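Let me give you the structure first, and then I'll get to my questions.
Chain lettering (A, B, C and D) follows the sequence in which the chains are written, and residue indices restart at 1 in each chain.
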Amino acid sequence: MNEAAPAMLPLAISGLVALSLALAILATVWPRQAHRIGGYGAVVVTASVLTLSALFLAAGPEPESAATRVALGGWEAPLGLMLHLDGLSMTLLVLTAVVGLATSLYSLGYVHDPIERRQFWPLWLWLWAGLNMLLLSGDAFNLYITLEVVSLSAVALVAFTGTAAAVSGAMRYLLVNILGSLSFLMGVVLLFGEHGVLDLVLLEARTEIGPTERMAAVLMTAGLMVKAALFPLHVWLAPAHGSAPAPVSAVLSGLVVTGSFYLILRLWMGPFAPLATPAFGILVGLLGVAALVWGSAQALRAGRLKSIVAYSTVAQFGYLLIAFPLMLVDPEAWKVVVFFAVVHALAKASVFLAAGTLQHAAGHDRVAEMGAILRARGRTVFALGLAGVSLMGLPFTGGFIAKYLLLEAGLGTILAGSLIGVLWVVAIAGGGLLAAGYVLRMVAPAFHHGPRDAGEAVSPWMDWVPLGLAVVAAAAGFAGTLTLHTLTLTPGAP
Amino acid sequence: MNDGGWLLLAILMSSLGPGLAIFFLPERRYGLRTLLNLGGSGTKLLLIGWLLLGVLRGDEYHFSVPLLPGIDFVLAADALSLLFATLSAVLWFVTTVYAIGYLEGSPRRSRFFGFFSLCISATVGIALSGNLITLLIFYELLTLATWPLVVHRGTPAALRAGRLYLAYTLTSGLVLFTAIVWLTLLAGAESFVPGGYLGDLATTHETALKVLFVMLMIGFGVKAALVPLHSWLPIAMVAPAPVSALLHAVAVVKAGAFGIVRVVNDVYGAEVAMELGLAAGLVVVAAITILYGSIQALRTDDLKQRLAFSTVSQVSYIVLGVALAGPLGVIGGLVHLVHQGITKITLFFCAGNFAETLGIHKISELDGVGRRMPLTMLAFTLGALGMIGLPPLAGFVTKWHLGLGALEAQFHWVLAVLVASGLLNAAYFLPPVIRGWLGERRTPWHEHLVEHSGPTRFETHWMLLFPTLFVAALSLLGGLLAGMSLSPLDWVTLIVERDYSIPGFAP
Amino acid sequence: MSDLLLVVFDLVLLVGLLGVAWRCLASTDLFRAVVLFITFGLLLALAWVRLEAPDIALAEAAIGAGITGALLLVTLERLRSIVVERRRGQPDEPPDPAGADALLHALHDPPPPRRTFVPALTFALVVGGLMVTALWHQPDAVGLEPVVDEHMDVSGVDHPITAVLLNFRAYDTFLELAIVLIALLGAWSLGRYDRLPARPAPGPILPGTLRLLVPVAIVTGVYILWAGSHAPGGAFQAGAILGAAGILLVLARPRDLPMAPSSPLRLGLAAGVALFLAIGIVGLLIGPGLLGYPPAWAYPLIIVIEVAATLSIALTLVALFIAGRPAGDDR
Amino acid sequence: MEWLAQQLAPGLIYPTAGAILFALGLYGLIRRHHLVLRILALNIMGSGVFMVLLGIAARGEGPPDPVAQALTLTGIVVAVSATAFALALVVRLTRITGQAVMLPGPPDDHAPVDDISREEHAPSAEYDREHRE
C-alpha cells in the first residue's frame, strides 16, 4: 500500500474530478433518472473521496512532500493547469463528501415532484462537482472559473422554491457573487500582470511586498469575503440561506461559504502571507467580534427557524475572523480554524436539514407556532439539539474540541503578552453562551407543556438523515487528532 | 495503557447504552423501559462492586484515547473516584425505582428516563475522570442532561427555573472551560496526582495560579451552590421529586463538590493551596455558605425549599473539610460526601412521598402526618437527626472529624461555625419532625395518590416507600457501623492513607 | 507620426468608451441604457483589435455586443409585457401620475438619491486610484508567450489561442462550456417557457431577410470554426454566430416554437461538455492525463471537440434567449 | 513626441482605462436600483477587468500573450452566461412582485413559505391539469 500509494494518487485525483463531472453531465442529459444518478452517485463519490484520503494519508508521511500536483493534459505549470491536493484540501474534500452525501440522501425525500427532481438534481450535482474542483484547483484563474460554477448553480438552487423572497434572495446572492468574482478576477489579473504566471505555487515563490500584491490582496480578499458572507459583507446571507430549500441551505451554509473561506485562508497562507501585519490582524479580529455579537443578536430576535440558523452562520463565522489575529501570534493556529470550519459545517448542515424536516411537517417555520410539531417530533428535535450543542461548543461534540483549540490559541496570545487577547478569549467563550441562547429558542418549545401534533408525514430520509449527520457532527470530536494530522501535511503552511 | 480499561468503559456504558435506547422507545413500552432501567442500574452496581474489589486489591484501572495531540481522554479509578462512583451507583438504583413509582402514568417518560440515565452516566464519568479535561467533558454533559429533567413538567415556572439553571451553569462552565484550557497550557494535560502536579509553577506563576484557582472555584462552585452562586438551586425545586433528589444528593451539587476536591487535592495539592493562601479563602467562603444556607432554610415554610437551602449549607461541609487541607479535615469532608448524600436523599424521598400521597408541600401542613404515614415519617426523622449531627447517626461522624480537622489546621473559629450550624440545623429540622409526630390533624387527609391510582397496600405506593426506607436504613448504618471495614469512613481513611501517604496514620 | 496618430486614436477611443459607459449607467430610460451598452460592446471590439486581439474582438462583437444585446432587449420586452398584463388585471387602479408613459414604468429607473452620491463616488475613486497606482508600478512582465510558443509544435494546432484554449488550458475551456450549460439549467429551473408578448404579425420583410441572412450566418459560422485552428476564430465565436442565426429564427416565428422533445435537445445542449469529458477521460486512461491528447491525435480530437462545442453553444444561447424550459422537457 | 508616445503606450493607457471602467461599474452598481442597470454595471466592471488583462498582454515588445487572450475569451463567455441567467431571474422576480428591484432586507416573518417537499407543491400535477384541458 505504502509503495503503490504515491503512484496511484494522481490518478485518483483526476479520477475524482472526472467522476463528479461525469455524474453532473449524466444527470443533465438524462433528467428523468437524475435522482437515481444523484443518489447512487453520491455514495460513489463519497466512497472515492474516502479512498483518496486513505491513499493520501498512506502516501504522504513527510509534510514537505505531501502536496500532490497533477498536470492536466500533461502540461506542467506555468503553461498548463495543475490540480493541487494537500492536507488542507483533503480535509475539506472529505467534509464536502460527508455533507454532500447527507444532503443527497435527504433530497431523495425532500424533492418529491417528478418535474422538480429533473431540475434539482443536475444543478446540485454541478454544485458538488464545482466544490470538488474548487478545492482541488491550484491555478488562480481556474479558481475564478470554479467559483463561478459554484455560484451559478448555488444561485439557481436558492431560487428553487420560486417565492418572492426566494427569488429576491437569489437575485441579491447572484449580484453579490458576480461582484465578488469580478473583484477576485481583477486581483488575479493584477498578479498576472506583475509576475506573468497563474499557478499558485509559482506565484507564492515570486511574490514580495509591493503595490500590486497589496492591491491584489485587497481585491481578492474583499471579493471572497463577500462570497463567504464575512462581516460586514454578510447582508445577502440571511435572505438567501433563509429562503432556499432546506438541503440547499445546508449546502450553502455548510460548504459554499466554507469554500470561499478556504480560499481566503489558502491565499493568506500562500502568496499574501508577507502582507499580514498585527494591526491588520486586530482589525479583522474586531470585525469577527462584531459579527459574533450582531449575528447572535439577530438570531436571538428572528422569528423564523431558518432565519435563526442563517444568522447563526454569520455569528459563527465571526470565530473564523477572530482566528486571524491568533494566527499572527501562533501561525499553527490555522489548523484550529480549519477544524472549526469543518465542525461548524457539519453541525450547521444538520441543523438546516432538521429545520427543513420541521418546516415540512408544520408547513411553515415560525418558531412561535411550532411548539406542537416540536413536541411530537422528538427525533428531529434531538438532531437539532445535538447539532446545536456542537454549535455551542459543549462536549461530547466536535464543537467542543474546536472551541477548546480556539480558546487555547486565544489564551496563547494572552500568555504571549498581547492585552487584546483578553477580548478574543472573552468573545470565544461568550459566543458559546449566545449560541446556547438561540439554540434554546429552537429546542425549548419541545419541552413546554402543550398539545402535540406530528404534522404532515415525513419521508424516512428526512426523518433520519438529520439525526445521522448530527451524530457525525458530534463524533467529529474524536476526529480531532486525525484532522490535525492531515492538516500538517500541507507544505508551505506553518 | 488500557489495563482493565474495559471495565471502566463498561461502567459508563451500563447507563449510557440503556439511556440512549430508552430515548427511542415508544411511550407505551412500559415493561421494556423498566427492564432497561433496572437492568442498567443493576449492571452498573455489579460492575462497580467488581471494580471496588479490584481497587481494594490494589489493581490499576486506566483507559485513555487521544483527543487532541498531547491531550487524552482518560478514565481512571482511584479510591476517591470509587467513593463517588459507588455512592452514585447505589443511589441511582434506588432513585430509579423511586422514579418509576413516582412517574407512573405521567407523560413523556421515555424522554425523562433517557435523560435520567444520561445524567447518571455523566456523574459516574465525573467520578472516573482521570484528568481535568475529561472531568470538564462530563461536567458539561451533566449540565446538558439535567436541564431537560429540570424543565420536565413544562410549566412556565419549570421553564423559568430551567433558564436560570442553564444561565448559571453554562456561564460557570465557560469560566471553568477557560480556566482548564489555561491551566493545561501552563502545566500540560496531566492526570490527577495526589498532591498536585503544578510543581515549580507555584513559584514562577503565582498570580496566574491564584486567578486560575478563583476561576476554577467559580466553575465548580455554581454547581456546588457556594454562596453567592447558589440562587439557581432553590428555584430548581420545581422539578419532580426524584430529580430534586438526584440533583441534590447525587449528581449536580456533588459533582461541583467533587470537582473542588479534585482541584484542591489532585491538581494544586493541599500544600500549594495552603502556600498560596487559597485554602484559607475557600474556608471562609465555605463557612459563610454554611451559615447563610441554614439561615435561609429557617425562613421558608416550603418543605422542598427548606431542604434545598439545607443542601446549600451541607454541601459546603465537604468544601470546608477539603479546604482545611489536613488529613482529618479531608476525612470529614469526604465522608460527608457520602453521608450527606444518603441523608439528603432520604429527606427528599420523604418530601416526595408526602407530596405525592397527601399533597403536602408546606411544613405547616405536616401536623399529624406521623400517624397516617409512620414509616415515611420515621425515615424523615432519621434523616433530619442525621443532618443535625446527633450521635450515632451519620452526620455526627462528619462533624466530629471536621472539628478535629479545624483544630489541626489552627482554624479555631471554624469550630464556632460548626456549633452554630448544628444549632441552626436543629432549629429548622426539628419543627417538621415535632409537627409530624406530635401535631394533630383536624380535617381528613386529601388522599391525592388514592384518588389517582386506587388504594395502596402500604401507607403509599410500595415503589415510593421501599427506596425511602432503604436509604434511611443506610443513613442509620453509616453512622452506627462507621468503625466497620468497608464503611464509608473506613474507605475514606483508606483514601487519605493511600493518597496522602501518611504512614501509620490512624484517626 | 503614425505613433502619434495611434496615440490619438487610443485616447479618442478610450474617452469614447468611458463616456458611453457613463451615459449608459446614468440614463434613467432602460432602453436607452441598453442601446448604449451595445454601442459600448462594439467600441470594445474596436479596442481589442487595437490591442492585437482579433479573436477577442470577434467574440466581443458576436457575444458581448450581439448576444448580450439581444438578451437585454428581449428582457426589456418581457418586462414591459409583464407590466401591461398586471395593469390589465387591475383596471381600477388610479392612473399613474407619471402619465401616459406609465406603461414604461418597469423600464424606467428614477435618478438615484443624492445622498449616495458622495460615498459611492469616493469609494469608486479610491478603488480605481489604487488599481491605477498598482498598474503603473508594474514591470513589463514577459508573460507566458514564450512558453506557449515553445510548445506550439506539439499542440496539434497552429493558432496559439486555440492551442491554449483547447489543449494547454483545456480544463478552463471545459468548465467555461459547463458554465454556459449551468446558466441554462438555472434559467430552466425558474419556470417553463412563456410566449413572447404578442406583436403584430411580422411583415414580409423579416422572413425575407432571414431567408438570406441565416444561410450566410451558417456559412460564416462554419468558416470561423474551421479557421480557428490556424487563424482568429474558433468554437465560441462560431457558436455565437450560429446562435445569433437561431435567435433570428426564433424572432421570426415567436408564436409557434417547435416543441423540442426532451432527450435529443438535452443531448445536444450537453454534447460539448460530454464529448470533451469523454475524450478527456480516455486521455486519463491511456497516458497524457485528464483532458490530454496523444500528440498525434491532438488535431482531429480538437476539431471533434470544437464541432460539438459549437453546436452546444449555439443551441444553449438560443435556449437562453427563449429563457424558460420547453414544455417538452417536463414530459 | 517620442516620449509622449512612450508614456501613452497601449500597455499603459489601456489598463488604466480598464481600472477606470471597473471603478465606474462599481459606482453604477452602488447607485442604481433597477436590476437591469445593475447587471449592466457588472458587465461594465467585467469589461474593465478584460481591458486590464488585454492591456497587460500587449505590454512590451513582441506578439501579445496568447494565454491572456484565451483567458479573456473564457471570461467573456462566463460573463454572458451569468448575464443571461441574471436576466432570467429579473424577469421571474418582476413577474412575482411587479417590480424589477430587490425586496428590501430579509423576508419578514409572515411571508408565505412555499415548501417544495410538501404534497400540495406539485408542479407536475398542475402540468397534467393544463394538458388535459
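Quick note on the criterion: contacts are C-beta pairs under 8 Å (C-beta built on N, C-alpha and C of every residue); 3 or more make two chains touch, one makes a residue touch a chain.
Because the structure is a prediction, the values reported are computed rather than measured.
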| item | value |
| --- | --- |
| Innermost chain, taking as reference the mean of every protein Cα atom displayed | A |
| Leader among chain pairs (count of C-beta contacts) | C-D |
| Mean-CA-position distance for chain D and chain C (Å) | 11 |
| Inter-chain centre distance, chain B versus chain C - centres from mean C-alpha coordinates, in Å | 74 |
| Distance from the mean Cα position of chain B to that of chain A, given in whole angstrom | 43 |
| Cα-centroid distance, chain B relative to chain D, in whole angstrom | 65 |
| For chain A, residues contacting two or more additional chains | 115, 141, 145, 148, 152, 155-156, 159-160, 162, 167, 186, 190, 192-193 |
| Numbers and ranges of chain D residues touching at least 2 other chains | 15, 22, 52, 56, 59, 67-68, 71, 74, 78, 81-82, 85, 89-90, 92, 123-124, 127 |
| Per-residue multi-chain contacts in chain B, two or more chains | none |
| All touching chain pairs, where touch follows the definition stated at the start | A-B, A-C, A-D, C-D |
| Parts of chain D lying in touch with chain C, wherever the complex brings them together | 1-2, 4-5, 8, 10-17, 19-28, 30-34, 36-37, 40-41, 43-44, 47, 50-52, 54-60, 62-74, 76-85, 87-92, 94-95, 98-100, 123-124, 127 |
| Of chain A, residues touching chain D in the complex | 109-116, 141, 145, 148, 152, 155-156, 159-172, 174-175, 178-179, 182, 185-186, 189-190, 192-193, 198, 238-239, 242-243, 245-246, 302-304, 307, 356, 359-360, 363-366, 456, 462 |
| Chain C residues within the chain D interface of the complex | 3-4, 6-7, 10-11, 14, 17-18, 21-22, 24-26, 30, 33-34, 37, 40, 44, 47-48, 50-53, 55-56, 59-60, 63-64, 67-68, 71-72, 75-76, 78-79, 82-83, 86, 106, 108-109, 112, 116-117, 119-121, 123-125, 127-128, 131-132, 135-136, 138, 140-145, 148, 160-161, 163-165, 168-169, 172-173, 176, 179-180, 182-184, 186-187, 190-191, 236, 317, 320-321, 323, 330 |
| Chain A-touching residues of chain D, taken from the complex the two chains share | 15, 22, 29, 35, 38-39, 42, 45-46, 48-49, 52-53, 56, 59, 67-68, 71, 74-75, 78, 81-82, 85-86, 89-90, 92-93, 96-97, 102-103, 105-107, 109-119, 121-124, 127 |
| Of chain C, residues touching chain A in the complex | 130-131, 133-135, 137-139, 141-144, 147-148, 151, 167-172, 175-176, 178-179, 181-183, 185-186, 188-191, 262-263, 266-267, 269-270, 273-274, 277, 280-281, 283-284, 287-293, 325, 329-330 |
